[in-house]
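Both complexes below contain subunit A, partnered by subunit B and then by subunit C.
Up next, the complex of A and B:
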């Protein structure tokens, strides 16, 4: 009984954590490379859900939504970066905050105007309905799928950042973009690519979580708070930090209600404060860059 | 933490940038200038002025719009914009979810706009901030179209307050004996951990225990929780045969969908306050909600001629089916009409005494303002979610007739 409960809660924690990675990675990579704090990131996640909703209602095909919605969000993210953020590189970060905050406001208004303020939900595809028996307990199939997709994407990204040429350029640009530029790489294109990547991941999370949870215009604001907390805990700009931070927060979300249901939210901020006191740059942040 | 969607960007941003807010602002300006032209600033005998103190931005904007739609359906569409030969005018301002904003709008409406009726708010916290303004001014009737907190009546009740909505007792406690008789004699309580959720579960608990039932455990989740799985595990571990819950909006959707995806619906029966399974949330809850019971004062699918006429009129006007908030707005319109038509004089106090104890021809069924509290005495529906050809819907399984509730020491 106890073992079963702990095992299931642990799986919950892993699942919550890994899905948070999808949202957080974009935020932290964009900050790490471009020093841009992207307040519109939650809105890109929200758009993923609403695009998914629209695609499912038109085509009736969930898989089409899973594929197309993130690409659309990526396209939009790329346009936002190219036309509005790019001209502001090198300026005081306040400019980026104001700009992306402005986008968050506009996208919230736009979504409410188009889809209305009521709560909606993307229907779970029939093949992913039901539960799976995991010996000790049974677990909803869709949530396992969610976990699987998140793990695969996280690992693939990890390998790409470590091993691929583009990953090397990315890391080099984050370290010293001027030098990379001097060596003949178009750094601006790298930035745009990273922004698109972050937007695609947020859009993907939007479709997946928009199926598992409610879709409403408030979802952007509620996710961005957790995502920022994870970035701060893990260390701004660190991929490893985002993964570990999301994992810790996922566990906190899962086990919190067992021990302190009243304080689940407060625990997140306590953890954040504790990490900042001991390691001001976050668990995996670069203290010199801070 | 407060609901993030309220406290973070959405609220602050909308104050300045929301288009509706801008329109509302210009409407108010227009209202002021019209009143100025008439000389003496409103309150004159040629017009009736209704002030909407509602959220038009943020999480609850949809509720605010629904209430306005309901009021206008009665006063503009059905009465042609006139009551007793007087033209109906409107002013509206956005409260967001902020009590202080609600109070200052109320003050402005009472002092500068000279409104005859105040319709709103959605949030009980906003209502508590508005109450002293309205009580001390005494120049307008307050048609409370959604704020259900029973403490508005318990703590120094005011005669200007008429609830065209419901109180927390009515949407929770009356379900207790039904659950005990028909579903289970033991329950676990789960609720959104804020004033409304706490009141609902406390009032249900009191009534359930007095009918001989046992409350096994209670589990509160923070408002705005998006993943309830850990809380659901606690609920399952309680071993109760039934659950009574209060959640609303996106919380209700997340809670119910996850409740069923973790298979809790196979071992326990979910019941709750009607906001848990309302017309607004059912579309997103889908078949997850099948077989669950809830209690509310308005059910759009209720099979009565009165309700059908309302649903038809509303759908024709706004191209969507009415929800409970629209019904509350509509009843506010009925109440305004009644207060004007039945009063001996044109002053607020004679309108108050005309409206107290009065019955309204509400789509929800029987409706009367209780003389002691000005809370509604009304029919409450116990509904079960069923699958139909039009998707999942609430089906009324029993109507509790003329539910009154306590007076909480108020005797007006």
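Up next, the complex of A and C:
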């Protein structure tokens, strides 16, 4: 059944894309506002998964993990921003590479030390086990839940960025942080808040994907490079770009293995390079910045 | 621009007439002599040290290649792993299929590295800053997936070329003038000699009119273009030279490990290289060499304590916050203020600045 296969793969692509949005949003907003290339962002996602794993093994309650793990990651992200990235503002953004690379290595080491290097998995809560019959095919219930949560969070965030006061300050800071500072807003606080927001979302993605797929120390390095590709394709600093870019990459990840498994990754990087060559600012980025 | 700035630039331009000052050169010569004398000493005490220092030499060469484009021309390459890996795979295939003669294998690694760099550079140089970094990253990852999925084998219709995820294993050592360089000591001297030669070459290049143009491009490429230089062509040439050196480093690396693996091409290798360069102090040539030494050394020693990544990460974080210009900056501060009291004051003021920046 061709139709069945295509429909199933399309749903998988949407699911992958929406979860990638959660991971990428923080990265692109942080880059757009502070010019920080955050290599530790993938590690925050990884920490979300491991915190989730630990909380489930201690409390036995998956919902507690879903709630607490992202908050813990947010707290940690806030501390990283406050104590190490903040002193670097005003210096060449290059040094953020060294700094965040240091965090990525350190967190990789810590996680391996504490939880070991083997592949683990967060147990799916009983309520969300089983599959749902979607006429053409059946799909795991948890995957649908994952998709639902991601869509709701993405939409809520979109509205918040468009409509709320904080969203306005955020967008203004991304455009011209000096002017926003001159008008009396503490830009540093906005930066910290955005960093925490990005970390929480990455942590949330970590718990969700750690349950749907696997938890291992390599997950940070493999996701961060995809996230960079998405940020570049969508346009650095653009929320809409992150959503569209993640959607494209999700579809590529889903359909690629069907047609040309060996070329799926190559296509991703070719797409990334092509966007940079033809439209350096990305699909939705600010061309002035390019 | 204030008068003071103009004067400052004028004077600093006079001070930095040469890329490596006389004193630094003397220091490098002394370091070279120590390195030459170190091998027999290590042979007696602990031969494994030679292996470690050989690794340092090879990564120093790799870091030097990045500093030439990054520190001098201001091109932040996030794709140097592509050239390193390409040189490495070229060397591995040559040794396996054709010859192990260093006089053929190493130049081939240089040529392959330079060709890859010329291609990537030609496509990427018109992008600036972070966009250049991202383009080089994309191309390098493309090379990684090509090797990982062994796409050359698929295209050529043969069983294996890069041997995919497993990489090429069982690579024998190089031969030089009919001699085997398999022993620790001979490979040590081979790498040391190549590093010294390349450092001399890069210093010459950096001090040549060509190097001056690169520095000018780093400072302000629009002005250089207005004067009439073809900025993009200079960048491509610099990138190609750098790629040749990275390829050479890859070609030297493969026989030491007797494998060529996809990890050589992975983006983390490029990232680690940038870390070495920044840690040592970019644009100083000797700084990135020192950075490479430190990273290789720490990775090795810390792994005997426990999980080295934790400590290495902390070292990076502390250095980037408190020693912005890396090891070379630290060294210059210490040399300029030999008085321990003054140095202590510097440490205090650094901490105070940190406090001020964090708790505003």
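One rule holds for everything that comes next: the second predicted complex is superposed on the first by the 290 of 290 C-alpha atoms of A that agree within 3 Å, B and C clash if a C-alpha of one lies under 4 Å from a C-alpha of the other, contacts with A are read in each partner's own complex, and residues count from 1 in each chain.
By our rule, contacts are C-beta pairs under 8 Å (C-beta built on N, C-alpha and C of every residue); 3 or more make two chains touch, one makes a residue touch a chain.
It should be emphasised that the depicted structure is a prediction, and the values quoted were computed from it without experimental measurement.
In the overlay built on the shared chain, the residue A:112 is in contact with subunit B and with subunit C. When the two complexes are overlaid on their common chain A, residue A:101 makes contact with subunit B and with subunit C alike.
When the two structures are aligned on the shared chain, A:39 is found in touch with subunit B and with subunit C. In the superposed model, A:164 lies in contact with neither subunit B nor subunit C. By the document's definition of touching, both partners, subunit B and subunit C, reach A:225. In the superposition on chain A, contact is made by A:140 with subunit B only, not with subunit C. Of the two partner chains placed by the overlay, subunit B and subunit C both lie in contact with A:262. By the touch criterion defined above, A:277 reaches subunit C but does not reach subunit B.
Once the two complexes are overlaid on chain A, the subunit A residues touched by subunit B in the first and by subunit C in the second are 39, 101, 104-106, 108-109, 112-113, 221, 225, 262, 265-266, 269. Contacts from subunit A toward subunit B in the complex involve residues 5, 8-9, 12, 16, 39, 101, 104-106, 108-109, 112-113, 116-121, 123, 131, 138, 140, 142-143, 209, 212-225, 253-258, 261-262, 264-266, 269. Subunit B contributes residues 1, 3-6, 8-10, 13-14, 17-19, 58-59, 61-62, 65, 193, 219-222, 224-227, 229-231, 233-234, 237, 249-254, 257, 261-263, 280-281, 283-286 to its touches with subunit A in the complex. The touching residues of subunit A, when paired with subunit C in their complex, are 35, 37, 39, 82-84, 86-89, 91, 93-95, 97-99, 101-110, 112-113, 188, 221, 225, 228-229, 232, 236, 262-263, 265-266, 269-270, 272-273, 276-277, 280, 290. Per the touch definition, subunit C reaches subunit A in the complex via residues 76, 123, 127, 130-131, 134-135, 137-139, 141-142, 145-146, 148-149, 151, 154, 267-268, 271-272, 274-275, 278-279, 306-317, 319-321, 324, 353-354, 357-358, 360.
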